[in-house]
Structures are given as structure tokens and as C-alpha cells.
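Structures follow.
Two complexes come next, and they have one chain in common, chain A, joined by chain B in the first and chain C in the second.
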Partner chain A sequence: MKRIRVSQQEIVFAVFAALFLTFSIFLNGFLSADNMLTLLQNVAVLGILGLGMAIVVIGRGIDLSLIAALAVPGGLVLQMVQNGHSLPASLLAAGLLSIAVGLVNGWLIAYAEVPPLFATLATGLFVAGLGQAALFQLDVVQWSEGLAGFERLGQGSILGIPTSIVMFAIACVVVFILLRKTRWGAYIYAIGDNPFAARVTGIPTRPIIVLQYVVAALIGCFAGLVMAASVNSMPTRIFNSTLIYDVILVVVLGGIGLSGGRGGVVNVIIGTLLIGTMLNGMTILNIPYAGQNLIKGLVLLVAVITDTFLNPRNEETAQQGDI
Partner chain B sequence: MRETLTRLRYRYWPDHLLGEILSKRWTETAIPVILLLIVGFALSRSLEHFLSPASLADTARQAGEIGFIGLGMALVVIVGGIDLSVGSIFALTDFCALYLLDVLNWPVPAVVVVTMIVGGLLGAVNGVLIGYLRLRAFITTLITLIIYRSAYDLLIQRYSNAIASAFPDIPSWDFIGGGTVLGIPSVALVYIVIAIFGHIFLTRLRPGWHITAIGGSRRSAYNSGIPVRRTIALCYVASGVLTSIGALFFAARLGTVGGDIGVGLEVIVLTATVLGGITLGGGKGSVVKSMVGVLIVLLVTNGLTAMNARGGVNRMALASILLVAAMVDIRWQKNRTRIISKVYVAPTYHALPPPPPTEIGEGGPFEQNDRLREVSLIGLGRIEAPEDVILDRNDVLYAGSRHGDIIRFFPPDYERMEVFAHIGGQPLGMAFDKQDNLYVCIGGMGLYRIRPDGTVEKATDETNRSLYSVNDDSRLRLADDLDITDDGLIFFSEATVRYEMDEWPVDGLEARGNGRIICYDTKTGTTHTALRGLKFPNGVAVASDGQSILFAETFGCSIKRYWFAGPRKGDVEIVMDNLPGYPDNINLASDGNYWLALVGMRSPSLDLAWKMPGFRRRMAKRVPVDEWLFPNINTGCVVKFNEQGKILESFWDLKGLNHPMITSMREHRGYLYLGGIANNRIGRFKLDNADPNFVQYDKRWGKSS
Partner chain C sequence: MACMHKFALGSLAALALSAGTVPALAQQGLDEPFQKTFREALAGKTVAYVPVAMNFDLTEGWYAGLKKELEPFGVKFVIRDPNWNTNAGAQAVTSLISEKPAVMVIHNPDVQTYAKLLQRAENEGIYVIQINMGSAYRSSAFVGANWIEIGERQTEGVVKACQGKSNKIAIIQGALSAAASAYTLKGVENILAKHPEIKVVSSQAADWDAAKAKAITQTVLKQNPDLCGIVGFWDGMDIGTAAAIKEAGLTGKVFLATSGGGERKGACELVKNGSFDLNMSYDVPTQAAQMAGTIKWLLSSGAKPGSVKGSEYTTLIPITKENADTQTACWNLSDLKK
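And then the complex of A and B:
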């Protein structure tokens, strides 16, 4: 008899489906088209960030500076336009800042061999501090006249679909092509699966790792722009929130193991949908924020435990340093 | 002139200390400690009140609170996990303590105990999930972080007013929060006690070793029978309890349940842990590292706050310091062993005059001949590396083997062989005492005694530690050869205190006096070092007066005599020097003279290199080990000499067929038995004009009844 193997991705998808079904049956207005769009709109930024995180996690890293990479370059654009610079120049500056953040992250991790958890923690702190100390005048960077037209990145709709969802879709397609259709993507999987073997095979592991973090930072910047455009401002204090944990949850719950080399864009979408559905359903139920978090945590715990029961880890094959 | 300078420089400058200091385990923590000193110094210069008692006490309080959490995190990281939920556990236990005290009005001891139990339970949730159900630590504690935090948020919504309005006035509670003993804050005292226990626990106790073993290699730990799941689970419980202790002190000090208590605490503690040098992924770490890490993070953040830096600048400075420190530390950890291997070999100046001739036609006692061609072979291909051979009163032949066994061959033809005893380390020199116990020097283990029935006992494996030595020289690294005096003193040589058994030729490259003669008293069971600073002391034999020993210095190319008793007690005299080869074992001959094995012959190139320490140091640094210029040990001979230092005859194997390399020889009933540490045979050579009834231990101890 063939043993049935259920992957984490399928479990999470099942949980998502069950939740979705339950909410559809028992919650008035959950299944309406409007609500569906709201649901997706709310998690679009989270999903885009998840894509950036996914690239890094597949390459056996982690990027805790992603929230800073979202807040600071995004805020920089708004601030520069406010100060009278042109929009393209501001965008260029933000892009360069993101690339710089990515390069520093990548260099620290690939060349200086600082553990990614620690390196990105510190760079995130640094970038947030930089924004606070040198770039922004207020914690919330306000919208200004020069940005007219830019809000369409996050507001309005294209062919009836809210723009932020379209942006998420575009990001998904781009990342999918990067990961699955380019040699560079294959290298990331190889490095994530076994960095030493990848190196021995002749893959330029260090430059590829740097590239990973640069792309992640650019995706973070993109998410920041979408966010700024949709709320017409950039609340830079978002760095202090626990958003980064939500991003990690999206990625890991979707089925991208932290040990690297597994998963892809589909996993991010599944993870995003699960979180989005939960948040949306609970909002409709009018559960307070702390209660929402509690329920979210418990559901996540159940999902992870189920996965462990169905796909137990083996003492013999467990990887060293696999936390 | 230049040579004199070289000689003086290498004589008085302790080159070897650098490598020995770097080899110490505590140098792993060097970078964090240096950073801590720099930070402390910088702050004390730039802040006026930094060193005032009040400021120090305040720092100590915070350090204690975070330090407890740091200890818990250290445990969890060493066992190979991570605990992100500490910030939330901190908040929940802080709430628990204040709720019990302010709302339920429980007595303080009950509050303390219950809060710690709650902390343990919260940690146990992590422990069960990660240890027993084997979830991934990172994601699991991330989820419990969220759950605990939202539980805390829900709880304080309901009870924060009740807690805020209560002002408990309980002396013992205030003492926990703000009391001092001799000026030291209570929390710091408790922390020190727990830290000392933690250090002993991790380095000296079995559960602590289990934790390190699991972190180092979970699979190996599992396969060697360590209860992996339980140990991991208990580490998370300990992390929860330690966090709750920190929270108790915090609650007693501030008495608040604000919404942001413990937010981001996991980041601070994790930063401190990594900064202290505890490797994420497990297996490496110590209490001191955790403590140093916590202090650095705390001093930097507090210092920056005290300097009124803007929030952003504060963050940037903290991040930069952390990054630079982590980078330097990681470089250091990674390259430390490489640096050690580069600087450990510290050659010194060693000059020898030109050796006496050995060529055929040159004459002299060392003139080569082919007398050893006639040896018959014992145990060919059945024994490996018999460094020493010995025969007992019943003509049974004993020899060591590379596999850690004492092998014996039975007369008359020495064909039948058996394993007499298994010791586990490589046997080198051997000697019988009056009761026919066989004493054996075991490389890497020490001096062992084998009773006639084959039971193995340790005689000694340590001696008194030298006061000024950096390397711990109390353990015996390379006990080499021995002899036993009539009074039951065993004198044995330890070839080097700087290298292990398998690296012994490197000591010859160094040519420093790294060896010692050690004395073990069989009557009292005590061991002491008799002579030190010898150049690879090797063979030992008791001289005819019974008050002195003859010993060979292999790389000194000399034989010396040391009086351990009598009127000349303590004297050392050169019997022979400038031998043409490297002397090894010395044994008694039937005519009252001594046999000496030369394990290898000197070569002009090494003689020259010994006068050029700089050359050898460059070689050791830049050339791979297998290309180094080592002493030749491929060709040697056996010579007979007398106590006056005169060589009487020599025996060579010119073709190098049977016994090119000889480390030991024993005379027994008119035959000479030959052993060699690189040989797979024992040689048996018929001696002319030798006493056919000579049995060494009959002669030494008298015939047994």
C-alpha cells in the first residue's frame, strides 16, 4: 500500500479551504465579491513582502530587515517629493538605497559570514535609525502635490481588479520567472538545498547570495511604494510593529521550509490567502485585535503540529543547525 | 656574531608561548571581552556619572534582569534551538506576579514560586512542541510569541487598572526590587549565584554535557543514547523559568504592566547571545559568553541613551557596533585554529658539531657493517609497531602494538602469539618490576601496570603542574621509556609536553627542550617531575651504581646521567654527546655495558636547519606539513657503550632489508631482540661472545624462587 504523504502546503491549503468554507456558510457578507477584493487588498502588501522573504528563505537565509526596506525607501520617495525633488529622481534614490541595503546584507552574510538572522536584524535597525535620524522629519511621511498620479499604484482598479492585487500578481509573476525560468533561480535552489555542494559544483554562491538580498530589498521597496500609494502616506513606525513575524509566517506556513531549497511562489500565495482569510473573517466577526492574534496563533500552531505529525522529522536525517 | 645573536634571541624570547596561549579555550571569548572593555572604557570617559555607585547599581539591576533571560536563551541556543517567545513569557510572568500580589494579595514567597512555575509551564509548551513533537524551534516559538503576547494584551485590558491602583508595601517585595547587600543589588547577587551554578552545570555536570552534545551533533547524541527529546524539552522549561525570574525582579522594581513590556526583548537577548559568541545552530557557548554579550548590549544602549542621542542615531550606532563586533568575532572564531596551526610550531636554535664518521673505510666505532643481515624474524606481518620488546624470566617475548595491545610470543620458536593485554593506547617502553608486573609507558595515556595475570591498571597519568607553563603540563602526553630502581622508583621519560603522540617528529623540528624525566614512586603512588627542559628524552636505564639513571635525549643527540640519590644527588652529567644519530632506548647488556638504539641518523641538512630557526619557522608557516624537513628515521643502528661514554661496537643493516629502523633492543640468553616503531616484525640476532644465560631481570632482581 502506498503511504499517503501530505505536504505542509496541502495542509495549509486544506485549513484555508476549511476556514473559507466555514466563513462562507456562517458569515454574512463574507463571500461577496466586494469582501473578497477587500480581503485580497488587505494582504497584498503582506504577500509582496512574502515574495521577497521567500527568495531569501529558499536560499537558506532570512531577511529581518525587510520591514525597514519597506518603510525607509518608500518614505524617502514621499519625503523627497515633499522637499521639491521630481518623482523620477526620488524613485531612483529609493531604488539605490534599497540596492545599497541589499548589498550590505548580502556582503555581510556571504562574505563576512555573519549569520543572516543577526546580520539582517542589525541592518534593519541601522536603516530604520537612518530614516529616523537623517531622512524623515516626521514619523508619518505625508503625501504631497508632486506625487499626483502615483497613488494609482495602490488605489483604483485595473479591469475591475484593485490595483494592489494586480501589483501582487505582477510581483508573483516576476518572482516566479526569476525562480523557475532563469539559471539564477536554479542556483538559489541549489544553494538553499546544500550550500557546500553548490559551491563545489562551481556555482558562484557568494555573488548569488548577495543578489538574493538585493532582490529582496527591491521587492521590499516595491511593497513600500504600493503601501504608500494605497494609504497616501508612509507610517515609518511600522518598523516597530510585528509585521515581520507575519511575513515569516506567510512564507513558512505556505510550505517554504526555513532550511531552504524548497517551495516557490505558490506557497507564498497559499500562506497569504490563509492569513488574509483569517484576518478578514475575524474582522467581520468583530473580534478585538488581541483576540485576533490569539486565534491566529492557535490556528497556526495547529497547522504546524499537523504538519509535524504527517511529515515527522527523523533524527537520522535532521540537518545540523536546522532551527 | 650573528649566530650568537640568534642563539641569545631564541634562548630568551619565549616564542612558544603565543601558540600555547592561543590554544587555550578561553581565547575563543577574547573578542567579546575586548569589546566589552572598550565599550566600558569609552563610556566611563564620555559619561560623567557612568562609574558612580548609583549608576553602576542601576546597570547591574538591568543586567541581572536581562541576564537571566540571556542564560535561558544561551541554554536553548546551545542545545540547537532558539526561543523567540522570551519577550512574551517575560510580559506574562510579570503580569502573573503583579496579579497575584496586588489583586489576590498572596504572600511574597507564594508569588515567587507560582510565578516561576508559570514561567516553567509556558516554557514547557515550547519544550513539548519542540522537544517531543519535534516542531521547528524558530517557527514554533514565533507562534507562541504571538499567542502569549495576545494573551497578555487580553489580560491587561481587564486587570491593568487594578494593578496600577495597588501600592503594595511589603518589605521583602521591595527588597527583591531595590534591595542591596553590601551595596550590590539583590538581583545581581542572585544572578551571580545562578551564573556560577550554570557554569558548573554546563562544564562539569552530565546534563550540561548532554546539552552541548545534542547541540553539537543531534544525530550522534541520539545514537549514543542521550535522551535527546527530554533534554531539549527541559532546556525550554529552564528558559521559561529563568525568564520568569528576570520578570519577578522587574515586577518588584517597577510594578507596572504596560503594553510594551517585553516587546522586542527577544531581539535584545538574541543580539546579546550572538554577540557573546554563542553560535546559532548549537554546540558552542558558555555562561561567560552570555554574560559578556548581555553587558555589551546593555552598556551600549544605556550609554547612548544617557548621551541623549536621538532615537535614530542611537539605533544606527547600536547596529554598527553589533555588526562590526559580530564580523570581527566570526573572523576570529573561524581563523583561530588556522592561526594556532601557523604559530604553534616555534623552532629554536640548536647547534651540533659535525658528527663522527660512519662511512665504511673511515674507521671509528660507528663504521657501517652488515651484521644485522643475519637476523631471524619473529611475527613478520603479524605485529605492527613494536616500539619496545622485552622478555620475562620464562623467555616469553612481549611487544607493544599500534592497536593498543601487548602481544606476547612463546618460546622456543616464538611462532605462537597471543594478545596478553589490551590497553587502548600505543605501548612504548616496557620494564618488569620485582613482582613480575609489567610497567608500560603508553603514548597519550601515561604509565600503566599489567599484572602477571594480564589485568591492566593505571599507575599514573599526571604529575605536578609547572608553575610557569601555559600549556597544562600536569597530564602526561607522551610517556616514552622507563626503568625501575631497586627501591621501587620508576623513572620514565616524557618526550614532549607540547605535542601529541602522532606529531612527535614536529618536536624534532622545533628542537626545544620540551621533555621531562618523571619519577613515579611505587611505594607511595606519588608522581613528581625530576628533570625538565630536555630535548626529547627517550631511553631510560638504571646505571650500575643504583643511584643514577642514564637517559637519551633524542634530538639532543646525547646520553646523560642523572643522580637521584647518593652524594651526587641532583647532578646531571653528559655521558656522550654529538652522536651521529638520534638515540632511542637504552638497555642493559650481559657484560655490564649498555645497548643503545639509534632510531635515525643525522643529516647535514637538518643539522644546518637546526642552526637556522627563522628558516624552520618560515617553513612551518608556509609549507604544508608533508613537505616539512623532518629528522630522518629511516636508517639506524644498534650500538653498545659503557658508562664512561665509549662506543664499543655497532650493528647495522646495510641493505635496509630487515631492520633499517630500530627503536629498541633487549639482550636475552645470547640473543638480541630488536623492535622498531615503524616495523612489522621483531628481529632476533645471535650475539657472539655473549653470556648464554643472561636474563636481565634475573640479574637485576635475583632469580625468582
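And then the complex of A and C:
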């Protein structure tokens, strides 16, 4: 008898489809074009962050400093404009800060060979602390006059589609091209699959690892700007929230294994859609917060358990750090 | 002659008087009997300040206001910033007890965590002043907003705005674990009990997070485009709620009531541009001044810590379009820090 192989990606997609169907049938007002757009809009920033995380995870790393990379450069733009600097100068400063964060992360991991978990945990703390101590006057950096027009990055719509969804789409296309159409993308997969083999074949593994973290930090900065524009402020305290777990959830749930070398943009989209559908449906149902966490956890457990049953682990495929 | 004599006598008397007393008054002033002990009671004393975190308008404002009032009298400040970490806060309070400051100004993260510690502090002879969020232990003084009143007055505003409309409202709560959020909700419930015609279509916690508040509000507005009002629990979070209302093109149609410390950029500016319709402000500089006054009184009274206990609930300032332009409705953090 031929065993049916179902990947985690397909399981998650099935869970998503089942949820979506249930909500569509039983929940009045769920399946309207308007609500669909709201659903996507609500998870657009999460999706963008998921893309940044995906690049790093595919290369067998993890970037816990991603939320700091979202909060601090984004907040810096708002703060600098508030203090009277011009918008282009502020954006440039934020971009440079993001690149610096990425370079430090990459250098620590690729050259100093610090495990990414610890390196990015530390840099994330450092960057968040830097923002609090030196850059921002208050945790919530308010929008100011000088930013007029810039809020269109996260508000309003383009051709009827809310801008933040368009931004997510653009980020998807860019990351897709990077991963699938460039040599660097192929290198990232190779490194994720087997870093030692990649190095032996002559791939410049260290510079590529640095590149991953720089791109991730820049994507984080971009997500931060979209978020700030969307809520007209930058709540830099978001660094202390559980957002980073949601980002990892999107990536892992979508089927990008933490062992690296697998998955792509499509996985991030599926993971994001699942989270978005759950959040949206539960908000419409007005389920209390504690109940929402319970359900989120339950759905995640079901997905992971189903995966374990359908794709049992063995010594050949199991790797350290695999989940 | 007699008349002359009288005059001479009178002028002599006047001369004698002026020579005797008037110069004496100019040379030795009258000593005010209590100011010296007051100054001595304050000089060199330490006030320890433990907010839930620094770097936001409320805690920065309180600190700046306290320093402005007390530093000229030689009062020293120590500050412990737990940065939203309740355990770090409890540790800070514990270590402060052994350092024995004269006064501790405590901003509780919840009702229980510090309660026992604060009692111990007062037993050890430290005055404890609790600010805005009280604990289960009643200490020398509580200075702060009455959250139940805030919830009631916000809801009254929303209910009034809903008259003749759909009567559908939404509630955006803070974090479930925060007592401030639970108290405010109680206030909301008090008013809703009197208005059975009002229907709450959504009551969700957004964790003090503007992005979450926006996501919830967007979904709720898509489901109920005829919503007439929203009760939000903090202006820092309700920036997101307001952004969702604005994007749905419902500014002015959905009445948004919120509350906060009344800092100009976070409150008055946002009322002026139509983001908020009502912002109940607990006026941080006044709270700081009341705390400072209480500290002066306690230190100069010599009362045994814990022997007197009282509360100073803040008089709220409702900020609406009418007063958002005035100088007095809001305050600037930069001015307070000068």
C-alpha cells in the first residue's frame, strides 16, 4: 500500500480551508469582500515580518531581534521628524541603523560563530535598549506634522486594496525574486540544507549569512514603517510583546522547518492567512482574550500533531534543532 | 500754651516711640516658628520612585513634577525602573526597603504583587505613596485617578452620542491582568446597567497595543458599520482605534471616548484633529503636585508611617473639541522637565 505523504504546508492549508469554510457558513458577514480585505490588512505587518524571518530560517538561522528591528528604526524616523529633521534624512538614518543591526547580527553568527539564537537575542535587547535610552523621549513616538503624506504607506487604499496589503504583496514579490530568481537565494537554500557541504562546494557561506540578516533587518524596518503609518504612531514598547512568537508561528506553521533549506514565500502566505482567519473569526465571534489564546494553541497543536503522525521522524531526516 | 505743651509732649512721645520700636522692627524680623523644622524635615531626605516603567508620558510627568517641587528643598531621588517587569519591580521594592528611603512613591502593576511589601515598608518606617494604581494594602496616601469614574464618564459620553442612533457600541479594553482595565470596565458596566437599550457588539482586550486595537476595531466596524460609539481604555492604545475609524471614513460618526494623562501630543492634539471625541484626562502635573504636597506634609508632620491613611482621587478633566485648544487642558512634558 502506498503511503500518502502530506506535507505540513498542506496540512496547514487544509486547517486554514476548514476554518475558512466553517466561518463562511456559520459566521454572518465573514465572507464579504470587505471583511476579507480587513482580515488581510490586520495580518499584513505580521506577514511582512514573516518574510524576513523566513529568509533567515531557510538559511538555518533565527532572528529574534526582528521586533527590535521593527520598532527602533521605525520609531527613529518618527522621532527625528518630530525633532525637526527632514523625512528623507530620517529614513536614511533608519535604513543605516537597520543595516548596522543586520551586519552586527551577521558578523556575530557567520564570523564569530555565535549561535543565532543567542546572538540575535542579545542584539535585539541591545537595540531596544539603545532606542529607549538614547533615541526616544517616550515609549510611544507620536506622529507629527512633518510626516504628512507618509501615512499613506499604511493607510488608505490603492485601486480598492488597502495599502498595507499592497505592501505585503510587494514584499512577497521582492523576497520571492531574491529566494528563487537570484544566485544568492539558491545559496541561502544550499546553506540551510547543509552548511558544510555548501562551504565545500565553494559557496561564500559567511557573506551570504551576513546578507540574510541584513535583508531581514531591512524587512523589519519596512514592516515598522508600514505599522507606524497604519496606527499613526510607533509603540516602541512592542519589543516587550509576544509578537516575535507570532512571527515564528507564521513561519513554522506555514511549513518552513526550523532546520532550514525548506519552504518559501508561499509558506509564509499560508501561515499568515491561517493566523489572520483565526483572529478575524474570533473577533467577530467576540470570544474573550483568554479563549482566543486557548483556541490559537489548540489549532497549533492539531497542526503539529497531525504532521507528526503523517510524517513520522526518523534518524535520517531528524536534525538537531528540528521541530 | 497748654496747647503748645501738649503738642511738644505728643511729638516727644512720638519721637521716643519711633526711636524705640521702629528701628527694632527693621533690624530683627519676626521668626516664623515652623519653617525651620519644615526645611530640616525635608533636607537630605530620599524619595524612592518605582513606576511600572519610565519612558512614557505618565511616569515621566510624575517624576518631573515631583523633582520640580521637592529638589529645591534638598530632597534626593532614587529611581528604579522595572521596565514593565513585575518581578523586577518587586525586587526593586524589596531592596529599597533595606535602603530605608524616607518616602516611596509606588506605581503598582497590579493589586496584589506589592501589597505585602508596601505594608512591610511602612512598618519599617517608610511612608508609602501609591500613584494611579493602588494595591490591596492601603498606605499613607493614594494619589490617582478613580478608574470606575473614568469608565462611567466615558460611557456616559458614548451613550449620549448614541441617542437616536443605532445604540451599538464596542469596548476596547486594555490588558486583562491590569486592574486599571478591570476597574474601568466596572464603570462601563455601571452605566450600561442603566441603559438597557445600548447593545455591546464587541468587548475585547487589545493589550494596550495600538496595532491590536486597530485590527479589532476594523473588524468590528466592517461587521457593524452603523456602530455609534467606542469606549477605549487608554489614549496611547486608542490611536489605533482612531486610525481604524478614520480609514473606514467614519470619523465624526463613531464617537470615541478614551482616557489618559493629558499630555498635549497624545491628548489635545488628537482631540483637535478629530481622532478622539472625548479624552478623560487625569492631569499628570496636578497629580505630581498633590503627591509632592503630601510628601511635604508627611515629612514635616512627623506622623508615624502607616498611622494616617488617606486618598486623593484626581479631579478629571474631560478634553473635548471645546477645550482642546486651551493652554490649561493639556500639559507639555518638555515644559515640566524644565
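Convention: the second predicted complex is superposed on the first by the 315 of 323 C-alpha atoms of A that agree within 3 Å, B and C clash if a C-alpha of one lies under 4 Å from a C-alpha of the other, contacts with A are read in each partner's own complex, and residues count from 1 in each chain.
One rule holds in what follows: a contact is a pair of C-beta atoms (placed from the backbone, for glycine too) under 8 Å apart; a residue touches a chain by one contact, two chains touch by 3 or more.
Just so we're clear, the structure is a prediction, and the values are computed from it rather than from any experiment.
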Clash or fit: how do chain B and chain C relate after the overlay on chain A?
-> fit
Of chain B and chain C, which one contacts the greater number of residues in chain A?
-> B
Which partner does A:Met227 contact after superposing on A: first (chain B), second (chain C), both, neither?
-> second
Which holds for A:Thr38: it touches chain B only (first), chain C only (second), both, or neither?
-> second
Would you check which partner chain A:Gly156 touches, where first means chain B only, second means chain C only, and both and neither mean what they say?
-> second
Of the two partner chains, chain B (first) and chain C (second), which one does A:Ala290 touch, if any: first, second, both, or neither?
-> both
Is A:Ala148 touching the first partner chain B, the second partner chain C, both, or neither of them?
-> neither
Once the shared chain is lined up, is A:Leu21 touching chain B (first), chain C (second), both, or neither of them?
-> neither
Given Cα centres, how many degrees, to the nearest 10, is the angle at chain A formed with chain B and chain C?
-> 100
Can A:Gln132 be said to touch chain B (first), chain C (second), both, or neither?
-> both
Least CA distance chain B-chain C after superposition, rounded to whole Å?
-> 5
Once the two structures are superposed, pull the chain A residues common to the chain B and chain C interfaces.
-> 132, 240, 288-290
Chain A to chain C touching residues, read off their complex | 29, 32, 34-35, 38-39, 41-42, 45, 132, 136-140, 142, 144, 155-156, 162, 227, 230-233, 235, 237-238, 240-241, 279-280, 283-284, 286, 288-290
Residue set of chain A touching chain B in the complex reads 108, 112-115, 117-119, 121-126, 128-134, 240, 242, 245, 248-249, 252, 258, 288-294, 296-298, 300-301, 304-305, 308-309, 312-313, 315-316, 318, 320-323
Mind pulling up the chain B residues that touch chain A in the complex?
-> 80-82, 129, 133-140, 142-147, 149-151, 153-154, 157, 217-219, 222, 228, 264, 267, 270-271, 274, 280-282, 310-320, 322-323, 326-327, 330-331, 334
Inside the complex, what are the residues of chain C that reach chain A?
-> 53, 55-57, 60, 83-84, 176, 201-205, 207, 209-211, 214-216, 218-220, 222-223, 236, 239-240, 242-243, 246-247, 265-266, 269, 275, 333
